[in-house]
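Here come two complexes built around chain A, the first alongside chain B, the second alongside chain C.
Then we have the complex of A and B:
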């Protein structure tokens, strides 16, 4: 087995006891490498919000991406020989399609990795297919990406879980861990992410047949500073459980004001995408608040047994003096390593450095260990699946972590490759 | 149109064509037509010029109100985005993907919105008009964001490459061939048609009446011009052509969201482009659209503080050259003329 991924994969296989199909194939393949590896550096564009509201995700993503690429380059680069030349681009631009076209056609990046906003991912994905440009969506959760925008993808992959994982996972959590809950309400941002999350969550509750009553659905403008009306309306219906996909400043404001007004005295709040605030405003987090992290991406608690996880969290803290509470940091690692593994896997199997078509074949069906556990791209799909993880905020230590974590297997929170999310939910 | 006006118009056209401006414009037109086939031209450059032409259409249309009628609108995003959304939603729900059907749908939708919004707004002027337009346009924006299940909310709607007269050029030639061989020329044709039609309108009695209203609504009213009615007509003309630009944007971009086409900042950008180019010149907004898109594209590549760069440009233009690029060109022309005259005198 040859490549920058070998050491990481081997370490994780030994310690975690998980298999790495990529590395197994590598060692068993006939080729075993040997072909010419391009001498010039690989050009990788990373796009995320480094300014604006979503920089709470984008900045940690860029930091993690930079750190990950540095580590790979320190070991010689892809296959131990080809250095990665990474350039960062702010997603906070007026014309995202113009920017994408420039990167793909003018600047000739080998791989474009990016996008946090669902509108941006939905806009560029069809363009990527038109231009036959290898592209990895690294953070966007919208289920519309492969359900409607690009239904027969070739060049576009997503290396993070879709919103299906978060929302169906939250519904399963209700079913398995909070069976005494009788009334549920929603508090979400009034834009596509909030609407998409709430629709999927309620559809999952209905399809799975969970015996709860949905008593309120509040949508607040994005961004909002004053949540008094929403909190008052939620207090009036007094739900047992609130599902919320709030993130960023909205999550902070909502939690702070809800705490002050006593909303969470008798109500369990469940936040599917706001784990980054565990690091941002730890004083506002009460013990027992439920948090998800757009996949199993908690820096402390659930995954600390994994050496790969420990290594990632430690390196991140050492370099940036903060913990990677934002799930985006883990997403960045996954996207970059998915690309590197797929190149190395193809090379080790065929003996030649892969072109676009070989890269696509290698990405399809790839699986590898990550700091968040095993990441798997099922055959026939361009979207990785991950288990859903929710846990209770543990405020007892000197840093916040998740305890009593509830895991749901990927196949229980994601549609099979042959179905859209909606079709799958209807069929449950 | 009286005989005198027609003769005046014809002689003006003749004069324009044979002037240095006319020759320059002809050269530009030839360059624009040949662009996709010029050596070294990449797909991205064609895309960028197509985007400039799209916003040039919108700028020309915007200037019908700002430059010729004296109305500052902060609601043109409703026409631009209204058209783009009409196309996207019609294609999605009616299953139509033919450009010759979608284009009239978009322009008609924008014209209808302009007729309604204009009818309400033209009774007011200055800041009241601007704010009324802003409020009415924001209604459309909010509706689009809120109706998530119908409109896709902030995720927007995809616009797949349309067939043209039943021919699926995308399938035949791939995206590069479709963009450079067909879509670019559709946009160029739309620009030429817009420029010719609006130039004719603005140099006809209709345009002269609008200028009279702009300069002095009271005097216009005193000589029997129905001011509201003409402002309303101007709003419809401006809205419909802005809708044409929105349609071109939708086809070119392939995806529209409320944030990119319906948000008030889009109206602000159209105002910016028009002021940057110069409201006092017919072709000023074309130069403004070109400069705006090129400056923004470069600024976004250089720094994430590109908003600052755009703000600085607007500040400099307003403070030092309120007539915009057209004003700078006029100044250069005057100096050249003076220099030539001085040389002749010697």
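Then we have the complex of A and C:
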């Protein structure tokens, strides 16, 4: 019953028939692979920050990755026969490219999944193409990845939404849900992620033609622990709405100090990437604060009707004694299952275990249900698109959740595969 | 008239922000300066006692709130918090510092300066990882003391009383330290050791004992800085590395081993950062180091120091 591993696992998780049939006749070249299911375990490297500030994402990601791989192996592994042997690596190293080259060439991993930092993903992606190493970027948001760094990707895929989803989604939120907002300000970290987010957000406002005035754009060093002067400057311009891509300790400090200085008394704060702090500092989150989750990755308040979502959140809580508020936990699930589905899909279509080229063909156009809803890799793209989700913090229950969630369809917050994000925004 | 009023309010808030920042830097930088003055020992790991104090405060505030939070009234609970933050946390951190001094720092004293920097920087990393092991990598906060005090209204917003209290407590500590160094025997010996340790030693004074006392006080002050910092913010890994640079700037600008220098340098850096962040945020951090470079060029010993930086 080869291939039934996939079918069994998929059916048991409500996934049967979710792959995109459009590409099923297209299995590509041999790429040096093909044939029987290999007897030896599949070697998977997972790279994320397990130390440093970004470990707020990396640790939950590694936890979710471990949990996901364990579940797959409990069912026999890929295709029910091939176990996954996962090794974790800290992204917090000085020589990211050297680390990547070592994993790809000397340690010979079948698949490298990783990267949270935009800079790291941008550095590694061209090397992955050069080495023809199957690689999945699992968390990085920068739109530069496929807009400028690797414009014709073969071996690199991204299985999470880009920052386009978060920023254009926030602009659409202004258009549709907060149409009375007249003035907008930004508070973002002064590095690639913060700058990229703010630029995309303001470009989206202008291109969509939303009638608001941008009254301030504040960038703070990453990390910053004292926001008092930044908050004073924002208070002085008294915006109706603040867009912020702060995350981690920066988000906590900004919110804590802004609460103390009364910034949010008549200003709506919108955090595009900080939903992970809902579990860390619930007493600082006021009812009605707007949160995004780098895609639809909220454990409570969205998608709770989904059995797969419930199962993931419950398993994660049981195993780690905390809720998966960090969007990275969902990203890890998506990355690992995207790879497993693509292998199983190729095998089920051709009857042979895929080599690199067949794997690429199988990944292109893949679609599957996930704990965060349907994940879609449009044909012609190596980047998953997801809907944008924003919601208001709901502090009425025992645990924080999102209410009055606003969803925006993927095609309204992401460029088509033939355009860069900037080109698409200009064309709106 | 309205514009002038708004301008003055802005200035008041910026100055308060600067003083609040200066308070943390003073509590951290003074100890570093005193220890350097006495032993010619540049202990970069000193900066790690600030987050240690903050983490300890978070645990104790949460525990206190859980145990006696419901039974004590506003005043009672606030007094308990003050005792925890001002006494218990510095005491625990000082004990940790004392053990580390004997086990890790003391063997380094006779080595060259380069080794001091390398070894104590390594110890910072060890302490950072140890704190992450105990308290995790997620941001930790405990705002109950600041929440109890609340905020006061200013036109266009509010301002936290906790920041005002932090400034006042730090000012009182600065005054007490000044008195201690100028008017007490231990203080005068401390200053004398900074001048010439060997002369003090041959006069029959147990310099090792004096040094240990100053070391413990220094660690306690750094931990107090963290304890007062926490209720208005949160703490996460990496804070030591951020603060060590600023503490070093306090030393260089104020002058190595000078209390007066630490006070003035903390105020200057706090205000430069507050004004810089408000008016030219991109250059706020650079401004501090430009200032540091200017001081080194004009007066290499720092504003109040006599030891070469």
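As a convention for this text, the second predicted complex is superposed on the first by the 393 of 428 C-alpha atoms of A that agree within 3 Å, B and C clash if a C-alpha of one lies under 4 Å from a C-alpha of the other, contacts with A are read in each partner's own complex, and residues count from 1 in each chain.
In this text, a contact is a pair of C-beta atoms (placed from the backbone, for glycine too) under 8 Å apart; a residue touches a chain by one contact, two chains touch by 3 or more.
Given the structure is predicted, the values throughout are model-derived calculations rather than measurements.
Engineer: Given the alignment on chain A, is it a clash or a fit between chain B and chain C?
Structural biologist: On the shared chain A, the partners fit.
Engineer: Considering only the touch criterion stated at the top, classify A:257 as touching first (chain B), second (chain C), both, or neither.
Structural biologist: It touches chain C, and chain B stays clear.
Engineer: Angle at chain A between chain B and chain C: what is it in degrees to the nearest 10, using CA centres?
Structural biologist: That angle rounds to 60 degrees.
Engineer: Quick one: is A:397 in contact with chain B, with chain C, with both, or with neither? Answer first, second, both or neither.
Structural biologist: Touch status of A:397: no partner.
Engineer: Thinking of the overlay built on chain A, is A:220 touched by chain B (first), by chain C (second), by both, or by neither?
Structural biologist: second
Engineer: Is A:233 contacted by the first partner chain B, the second partner chain C, both or neither?
Structural biologist: second
Engineer: For A:56 in the superposed arrangement: first (chain B), second (chain C), both or neither?
Structural biologist: Touch partner of A:56: chain C, not chain B.
Engineer: After superposition on the shared chain, which partner residues are touched by A:416: those of chain B (first), chain C (second), both, or neither?
Structural biologist: neither
Engineer: Considering only touches as defined above, state whether A:38 meets chain B (first), chain C (second), both or neither.
Structural biologist: The answer is neither, since A:38 touches no partner chain.
Engineer: Check the residue A:283 against both partner chains and state whether it touches chain B (first), chain C (second), both, or neither.
Structural biologist: second
Engineer: Who does A:76 touch here: chain B (first), chain C (second), both, or neither?
Structural biologist: neither
Engineer: Aligned on chain A, what is the least Cα gap between chain B and chain C? Give it in whole Å.
Structural biologist: Nearest C-alpha pair, chain B versus chain C: 5 Å apart.
Engineer: Once the two structures are fitted together, what part of chain A is touched by chain B and by chain C alike?
Structural biologist: Of chain A, residues 51, 190 contact chain B in one complex and chain C in the other.
Engineer: With touch defined as at the start, can you tell me which chain A residues reach chain B in the complex?
Structural biologist: Interface residues on chain A, with respect to chain B: 50-51, 90, 92-95, 97-99, 101-102, 105-106, 118-119, 122-123, 126-127, 130-131, 142, 144, 148-149, 190-193, 195-196, 199.
Engineer: Contact residues on chain B for chain A in the complex?
Structural biologist: 42-44, 47-48, 51, 145-146, 148-149, 152-156, 158, 160, 174-175, 253-255, 257, 259-260, 296-297, 300-301, 304, 306
Engineer: Residue numbers of chain A touching chain C in their complex, please.
Structural biologist: 51-53, 55-56, 59, 190, 218-221, 223, 225-226, 228-230, 232-233, 235-236, 238, 248-249, 251-253, 256-257, 260-263, 265, 277, 280-281, 283-284
Engineer: Can you name the residues of chain C that touch chain A in the complex?
Structural biologist: Counting only chain C, the residues touching chain A are 6, 10, 13-14, 16-18, 20-21, 129, 132, 137-141, 143, 146-147, 151, 153, 156-160, 162-163, 229, 232-239, 242, 273-278, 281-282, 284-285.
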